[in-house]
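Following this line, the structures themselves.
There are two complexes below, and they share chain A, which is joined by chain B in the first and by chain C in the second.
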Partner chain A sequence: MRKLLYIIAAIAVCIFAADSARAAELRVPQQATAGAAITIGTGGSGEGTLIVTGPGTMIKKKVKLGGEVTIPGEELRHSGRFTAILEGDARSFYIAPAPPAKLNFLARPSRVPVSQPDVISGVAFIFDNFDNLILQSTPVRFDLSVNGGSALSKTVTSKDGIAWLKTNSASREGAAQFVASVGNANVRRVIQLVASEPCGLRMKANRQGNSLMVETDPVRDCSGNPVPDGTIVTFIQTGGGQGRSTVDARIKKGIARATLPAVPGATLSVASGVVLGNEIRMGGGL
Partner chain B sequence: MIAQAGNSQAANSRMQASIRWTVLLLGSLLVISSLVPLVLRAFAADEGARVQLNFSNAAPRTVEDSTQNAIGREYAAAWKNLAEGLANDDLSKINASFVGAAHDRFADQIAQQQKAGLKTKYVDRGHNVNAVFYSPEGSAMELRDTADLEIQVLDGGKVVHSEQVKKQFVAILTVAEGRWKVRVLEEVP
Partner chain C sequence: MKKKTFPLIMGALVVLLVAVSTLGAGRLRANTSTAEGAAQAFFAKVRAHDADGAYAMVSPSSNIDKGSFYRDLYGSDGNLKTFSNLQQAETRVLRETDAEADVRTNLQWSTAVGAFNEARDIKMVKESGGWHVFWPAPQQVNLPPQVIPVNYLRWDIIHPRSGDEWGSQNVEAPRVRIVSMNAVEKDGNIIIMGEVVNEDTVPGFVNVSATLVGQDGKDLREESSFDKTSHTLLPKEVSPFRIDFVNITLKQIKNVRMSPNALLVPASADPVVGVLHQRIEKDARGHSVLRGELVNESGQTVNIPHVLATYYDNSGKVIWVSDGYVDKALLPQVPVPFSVELRDDVAPNVQTYRVTVNNYTIDRS
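Right, the complex of A and B next:
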């Protein structure tokens, strides 16, 4: 019985020793970075075939056992978990992304009215020089400016490679520069800020014979930006025993004009989109 | 009297026949109804890897039902295409589901495999996926995937390494060519 126990213990020691010896055959780096060379140590003697496999990588090399094998950085551009395989032995190691160097930036929308809450969104994806996503938290700066004036400047810390924000549109119209930056990398997008709905829409009317010339004051939004030419303004005439007549006119050089038949006792009103302007009752001087 | 008895026997046998047919019909319907889900499941399994998805943590935008279905379908298909692409050095499978950095990564791998005479085989045992980000304008989604995989490395058709692993991935999917495709597939350390 005692002999049997000795034999079992001896076998266990042999297995442990063999395992330890095998473990010593392949030494992989504890830390590695994408794009940087690594060195893998091998044990034993003679020749062997080393395979290094990982995301986007499959390297096979004939190596002399007992020495070190260097794999150049240009062959290790992808980050992730790698495995080195040598004559039945395998060891894993992780290659981390290189420092942040690139951004993919989604900015929406490309055209938006001024002074609207939470209408502009920016999403930045952070990559290293080899297009590996940087999963480590990284500060990303977002800047929004219109005609040289800053409308927003905010730093957002990324999570799982993404930093994003939603913000209001500025009150001034123009081509807004929306920039996302991380380190020395920055990406610029242009968002066209256009005037919002007309505000304080007013018209005046002048009688010319049997016709009535109606025209608006310069049409502006609530922030004072001129509403773009081409926007439709509707003049409506009701009452006076002539039913209802409407004329759609486009804003031209900031003002909309139309000619209507002069109907005594009729009421004139003006509207653009959902915005109503003033009313004028015909009679008296008109 | 005899004629009456004959009529009643004929009526009985007609009734029995109709009962038999009804039972047979009901039985057939039962068999068909039990087979249909099995057949559907068999075809569904062919669509891609087994993917269990959870969209409840996606922010800042809520994921629409149609998008949930599309993401589930396309992400499962992406893993199936990845496994087939790497197993057979078939770039068309990679083209079908991957764009951008992820596409370049696996295209590189296929090129290197071909050069070295190696192959990678993924035995996909399933994915537990959480959607963690859905962009405000709805064009990009980030998933966190815990994948159960067996990875084999083959040299000249002979398995030189095989390991069973549970890996965590971050995947970014974007809409490309009218479909959701994987733009980034990054392993979490």
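Right, the complex of A and C next:
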């Protein structure tokens, strides 16, 4: 009889233990996405407090045990590793970022001379609609074009949320449109391609009374791009026994002009930055 | 008795003080019976801003009206003289007869940009029993009224707003480069000089600073070029710079660290100033000076021109940089002479030179 009582007591303890174990049972989702609702299953009976913590998130809910608890998507905007805790039981699960929806695009430099190798860089950071960095490899397309000219188009697969590209500057000046796109998201930056150093700088001179009007031919770089207006061109007059005269003229509509005193026998030269142009020696004709 | 003594003592004291002050004033007052004394008295009135008194000492034979005299002395058109005050006037008689005298005057003005020295030879004439200053009317070239079309460039900048997304683009600072640098020791001071070029296609506000590194590798001093450079550099513009470190020798330093700093700033491409007839000469004191004429080729008045001169030796190395302010405004198309001092020990080594002009215009920021 005593043996029977022991057996019954042992069975009761096992039933109680099994019931207690069912009360703490949590079923977390295997796959979850930021911004989407999730369902967490619970075991047992009665009421309990469910706590869900994760990056930037802390949710506390009174739940009825033995049912399922739904957490709406607007409460789960962050991706990362989360933990659900219910009545002493804890389970971890991972919320992945939503599909790519945003790009942060760093394009450097904002201004660059034409025909330079590896001077333009673009770095794209891929985010979902809730600003979660998407660490999964994602193809990002980079397009670079100038004034409808030939365009560079390249697709780069991101690594750890970042895709980057380094490329040459085109040979044609203008505002280059540098676009990074992923899915429906795209970001545009403008890189100003500017003329390089003047090339083949040439001037001519005309005498007007006691003055000499000097002007350059249209000032262009070696790729044929006009050097921007406002660039300094220095006209220098030496010799002729009247000292040295200089004028730092500005290019205007592609041409630099200046007025110098007409000094017979003087030599005229022209320079822009560190680039020298032609020389003119003033003889009887001028 | 006491009642009478006290007023007597006080009266005597008053008489004594009046006598002393009268005698003192007489001693301080310049002796206008001599040419030099009259010149001193004239400049004392100028210094005291007593324009009427100074004009009264001008010889009628000068044929200068009061307005022109005032403008010549105290400036006009917002030029440097309008921001100046005469501090000191040294006079020395070069030649004197009974009727006239030549007096060399070295005037020191305190101005908005520091001390400004002016050497002027004035002629004194004896008229009506006293010495008077012959002050000729300044020669002014009056241009015929005309319209000078000016359509030079101006650069403006749009900066990103504070609410813009992270990583949004900003316009970058202009690329500037030091193209030459030379460190010399003069009179117990270290002078760092050279040239900086704006290699970009946009204007920049450039400041060149230098740090002297001592023999132990520690920084000794840091200075910037201050006004010995052109701060606003247009695209491809080359400017000299000079940085002075006083009371230090080259032996004390191991090397020099240079840093050209550039900021993108709004700027205008005008005015254009031509520098004509530059030549190195000796001045009246026998010192080397670089002289020439400035011509404002634009239509806008340049109030305070600042001349910067770079001197090169036969290998093209920058061997000196000097500067000077011009006390006359640059009116459109009117040549204005300038003179910049050059060290006498440097002058024999100068092979060529380059002059650039900074300009300060009052009605433009």
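Keep this in mind: the second predicted complex is superposed on the first by the 250 of 286 C-alpha atoms of A that agree within 3 Å, B and C clash if a C-alpha of one lies under 4 Å from a C-alpha of the other, contacts with A are read in each partner's own complex, and residues count from 1 in each chain.
Here is the rule we use: contacts are C-beta pairs under 8 Å (C-beta built on N, C-alpha and C of every residue); 3 or more make two chains touch, one makes a residue touch a chain.
Computed from a predicted model, the values in this text were never measured in an experiment.
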### Query
For A:L106, is the partner it touches chain B (first), chain C (second), both, or none of the two (neither)?
both
### Task
Figure out whether A:G224 sits in contact with chain B (first) or chain C (second), or with both, or with neither.
neither
### Task
With the two complexes superposed on chain A, say which partner A:V194 touches: chain B (first), chain C (second), both, or neither.
second
### Task
Identify the partner contact of A:H78: answer first if only chain B is touched, second if only chain C is, both if each is, neither if none is.
first
### Task
Scan A:W164 for contacts with chain B and chain C and give back first, second, both or neither.
first
### Task
Considering only the touch criterion stated at the top, classify A:G56 as touching first (chain B), second (chain C), both, or neither.
first
### Task
Look at A:F125 in the shared chain and tell me whether it touches chain B only, chain C only, both, or neither; answer first, second, both or neither.
both
### Task
Would you sort A:I232 into first (chain B), second (chain C), both or neither based on which partner it touches?
second
### Query
Which partner does A:R250 reach: the first (chain B), the second (chain C), both, or neither?
second
### Summary
The intersection of the chain A residues contacting chain B with those contacting chain C is 106, 108-109, 125
### Summary
The chain C residues in contact with chain A across the complex are 151-153, 155, 165-167, 169-172, 179, 197, 199-203, 234-238, 269-270, 272-279, 292, 297, 352-356
### Contact set on chain B toward chain A in their complex
60, 100-101, 104-106, 108-109, 112-113, 116-118, 120, 132-133, 135-137, 139-140, 142, 144, 153, 155, 160-161, 163, 167, 170, 172, 184-189
### Query
In their shared complex, at which residues does chain A touch chain C?
104-111, 125, 189-190, 194-195, 198, 227-233, 242-250, 252, 258-261, 272-274
### Summary
Within their complex, chain A touches chain B through residues 49, 51, 53, 55-60, 78-81, 83, 85, 88, 90, 94, 96, 106, 108-109, 121, 123, 125, 127, 131-133, 135, 160-162, 164, 166
